[in-house]
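Below are structures written as structure tokens.
In the two assemblies presented below, chain A is common to both, partnered first by chain B and then by chain C.
Showing the complex of A and B:
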């Protein structure tokens, strides 16, 4: 079969003050009609830029400096912009990662579909509405007649992505480029979208370029897989072949970095050889700590409710029945759980399940509406000096290392701030102490003088870990600490946590939506759903033999890599 | 929504009352109008009689409550200088200021926003750089100087427009407006241009910044990927998204221009509120000052309420919570 799209020696460069950044540097591949090509790579590999080059939407000052992109034999590079526009959305369309950002929040779904229709055909308002309803029905949106007048904020993330897919499919394109379309979604929603996408593509005969960092997702969909690194395709071939018998070292390294491929608790292969030093000796009292394995952090029947407070007139309106009171959101609904000393407890759930709220209550950042949190028998949130002392024993590592470090403070000051405030070190000792911690998390001690923006995501997360551990806590609450990192960096951070945990006898609460990471790291797992723990127990048995329906559904939704024949 | 509006009106009442008390005390401290009102060689008896006539011999709190009492009957008092009811005086001047500021602010928006969007759309083109240079000039040139230059060039040098004053007026719903006559427009153009210069620059800056940011957003990329033309992307997507900050500034500027068009009105001898308040301050016309400042506070509140209601119209995300 002749190729639908043929990309030859594509080079897309971005001129910067420090010379050209060769985002895409000599990429060649082709797609036949109806084929699904998975484009896999870590951030900065050039996979998204490849997609944008094909559809002709490279942000200035980037440009295609060399190569050819042929759509059914017609060269797209150098095409005048109005001809390119006629192709965009009609023959090639695109779906983006974050459905929160792609749809216009102030236009109704129907209007946005109508604009996309009008881009390529003359159509009356009534016809456009009808087409919009049909398009929504096609992507399995229930009651499309009503939903067509909805605004994006009235939809869930998965529904929004379905709308985006509906818009991409409007003109029956021959090729759709999907740039990480399920990355921002929950696993179960991702599984639904993957299944629907598979069906739609087969039904319409549309070819698909599926850009993703997630090898397992790609393997469930793609006919062929191309692995990208530093702007090059390092390996391309049939999906099963690439993922089970990788030829290139980088592909192998990517696969080895996946926690699902290693035995639980082991160091992951990639990221193992990072130089690291032993953490500085502990200065806070360890005398009163219970022995390892005995109950340590106890959460008793914790409840957290949120309600928007009503003003004076609103209250009158509510009392006289004119207005309704704001709805109460029950984020955590009576959860009791115990963390034993030295244990890693996994809290798993989808967005909105209350896992982060529970983690915050456990760390003493948030006060429960009802119920209590006890550390070694003492309430964590009782106010006063003693409570402040207790909360220093529990530290938190947050998901986004870009948001959680103060960009105006030097790393050394960030790390020393807490220990100085609690007199764990003196001002004279602080620089030395900071350097020891930087070394302990595998960073150069001289980094203390730098600012957060000078570091990559993985390095920042190491700094965040050092900041939490420099307070010499017994318990660390990790809220999705690896969720925003590339697989290889993720493997390094997981290894770091495994090592530090055993060296410092830490107890960890590990909050994550990623079931394979949790399996790898955690001794015990609690599954949360709608503010309640639906299942709890040793990690092995829960994964091998889930009891609750929700756990079963969750596990079934996780895309699995084809295992290599040993 | 109902509770929201009620709450805002309640706030308005409180603010206006607080304003009246503040202004009343403040103006009391400024000086005694009697010194200005009667000739220095008047006898002590005449002086005492006049003071008693205006109730100025009473203690301050007594005067204030007497004022509030009259206010409840809709009586703002009489101007000491013009010797006519203050409400009538202000209402006779309000249309002049209203038409001048509305034309200035609307012109600034209608011209400034598209130009600013263009500058944000093509940030590196020469035209955009020129636009930004003009806007910086608009920020930095003092209003009075620009006004004088306008008079120099267009009225004195070329004699195209009159140098000041308000033109012929036509009665519309019982109010005199000048924007319906050619002569009225000739008088309006220069002061309106002068008044709009700063707002024009502000609108350019805001529209440019918003457009520039949005052009890199996924919303715009997705719209382009669906094949929408650049004009549709700008007019349907970008304009709607930048309109919320623009409306905020539009409201604030409208209110502050209405209240403080003093400089322009003085330069062009425009018979509006700005000139009235300056005159009444120099002659210590206490009732006019109090009523004027209460009106200004009220205008600010009403305009801000309208702006807030417009938000809900522009952004569906705000409708749900207050519905």
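Showing the complex of A and C:
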């Protein structure tokens, strides 16, 4: 079969003040009609820019400096913009990561589909509506006759992405480029969309370029896989072959970085990222602590309700019956759970399950509406109206290392601030203490003088870990600490957590939506669903033999890599 | 070290030629005002040095003192150039002192309201809103008229008229910062609320406050000039720019334009330059206006 799309030696460069950034630097591949090509790589590998280059949407000042992109033998590079527009959306269409950004919030779905239709053909309003209803039905949206008049905010994230896919499919394109279309979605929704996409592509005979950082997702869909790094394709071949018998070192490293392929508790990537780390400066004072394995952090019947506060006038209106009080959201609905000393407890759930809210209450940074949190028999927060955290023995690591460090403070001050305020160190000891902690998380001790903006995401997360541990806690609540990191960086942070935990006898509450990371790190797992814990127990049995229906569904939804024949 | 926040900020600032020129003018005016006694031929406050024979002379007149009055003299025989430089000095003092205190009060009110929340926030911000609903000039006029003439009275009036702008801005910025992870991280250590507000929320709320400050210092100066022009500002023995303009006002139609016009031009140049600098600072500190 002749190629539908042929990309040869594509180079897309971005001139900057510090010279050209070669985002895509000599990429060649071809795709036949109906084929699914997975484009895999870490952030900055050039995978998205490759996609944008194909449909001619490179933002200024970036440009394609060399190479050719042929669609059915016709050269796309250098085509005038009106001819490109005729191709874009009709012959090649695109689906983006965040459907909230690509759908217009002030137009109904039907209107947006009508506009997309009118871009390429003359069509009456009635026909357009009919086509829109058909398009929505095609992507498995129930009751399309009503949904066509909905606005984007009335849909869930998964439904919005379905609408975006429906729009991309409108003109029966020969090629669809999907840029991380399921990354922002929950696993169960992702599984549904992956299955539907697979069917649709087979049904319509559309070729698909699926851009993703997630090897498992790509493996469940793609016929062929291309692995990208630094603007080059390092390996391309049939999906099964690339993922089970990788030829290139980088592909192998990417696969080794995945916790799902290692034994639980093992260091990933042969211990990458901790070889250069020094031992932590001191152990917590463990004299008065109960022995390892005894109940330590106890959450008793914790409840958290959220309600939009009513102002003065609204309160009067509510009291006199003119207005309704704002609806109450029950984020956490009576959860009791105990963390044993030295244990790693995984808190798993999809978005909106209340896992982060529970974690915040456990960490003493959110006041429970009812119930309490006790650390070693003592409450973590003071009571009364102005409740405050009163212990330093429980610390927190946050998800986004770009948001969790104060950009106006030097790293040394960020690390020393807490220990100084609580007199764990004297002012004279502080610089030394900071340097020892930087070394303990594998960073250069001289970084203490720098500001957060000078560091990468992985380095910042190390700093955040050092900040939490410098307070010498026994319990650390980790709220999705690796969710925003690339797999190889994620592996390093996981290794660091495994090592520090065993050296400091830490107990961890590990909150995550990623079931494979939780399986790898946690001794015990609690599955949260709609504010309640539906299942709890040792990690092994839960993963191998889930009891609750929700747990079963969740585990079934996780895409799995084909296992390598050893 | 090039790669500091300040270094990058200045580099970007100097790329705008107009703003750089304006900054140079502001700097020149501030320096001249600071060393006024050294550069002016006459001390306009020294009433004994005034010679009535030299009054209302046009620019270029060589007076009894033996030196040229480059911008002419006013109705009391003051050298106008000296008076303008001294006037700028007073205006600048008023603007910077009043602006600085209003900045501090406003930042404290705004940040603590955003941090504490609840009734305190509601009450403090409603008072601020109430004040913002009156024109600043009206508030300043009422206060200045109540307190009487004098430097400190005028400064109080200016602070009272201006702190609300800072409080509103600080409150908005601090409310946004309050939600961010690094504040939560600080609370989870836990650090005391005072430290969280002063070391974490306040420094990160500064950029919009600095923008307001550059505009408000300029507006404090023009407010002061307006009040002095209207006669409720500084006493005639300490002529500020507004007073100079007011003094020359009655001679405008008799052809002795210079007594009013030159202090006016000085005021305009100063305020326009300050605003140009302020605009550039605003453009650079506002992430939404970035390319």
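Keep in mind that, in the parts below, the second predicted complex is superposed on the first by the 529 of 566 C-alpha atoms of A that agree within 3 Å, B and C clash if a C-alpha of one lies under 4 Å from a C-alpha of the other, contacts with A are read in each partner's own complex, and residues count from 1 in each chain.
One rule holds for everything that comes next: a contact is a pair of C-beta atoms (placed from the backbone, for glycine too) under 8 Å apart; a residue touches a chain by one contact, two chains touch by 3 or more.
On a predicted model such as this, the values are computed, not experimentally measured, just so you know.
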First, second, both or neither for A:107, with chain B first and chain C second: first
Chain B versus chain C as contact partner of A:335, first or second or both or neither: neither
First, second, both or neither for A:88, with chain B first and chain C second: first
Which partner, chain B or chain C, touches more chain A residues: B
Which of chain B and chain C A:5 touches, first, second, both or neither: neither
Contacts of A:504 with chain B and chain C, given as first, second, both or neither: neither
Chain C-contacting residues of chain A that also contact chain B: 311-312
Residues of chain A that touch chain C when the two form their complex: 311-312, 363-365, 388-390, 392, 395-396, 398-400, 403-409, 417-418, 421-422, 451, 454, 464, 467, 471
Chain C to chain A touching residues, read off their complex: 3-5, 122, 180-182, 184-193, 195, 199-200, 203-204
Chain A residues within the chain B interface of the complex: 55, 57, 59, 85-90, 93-94, 96-98, 101-108, 111, 115-116, 118-120, 151, 153, 164, 167-168, 170-171, 308, 311-314, 316-317, 322-323
In the complex, chain B residues that touch chain A: 2-4, 6-7, 10, 216-219, 221-229, 232, 236-237, 240-241, 314-317, 320-321
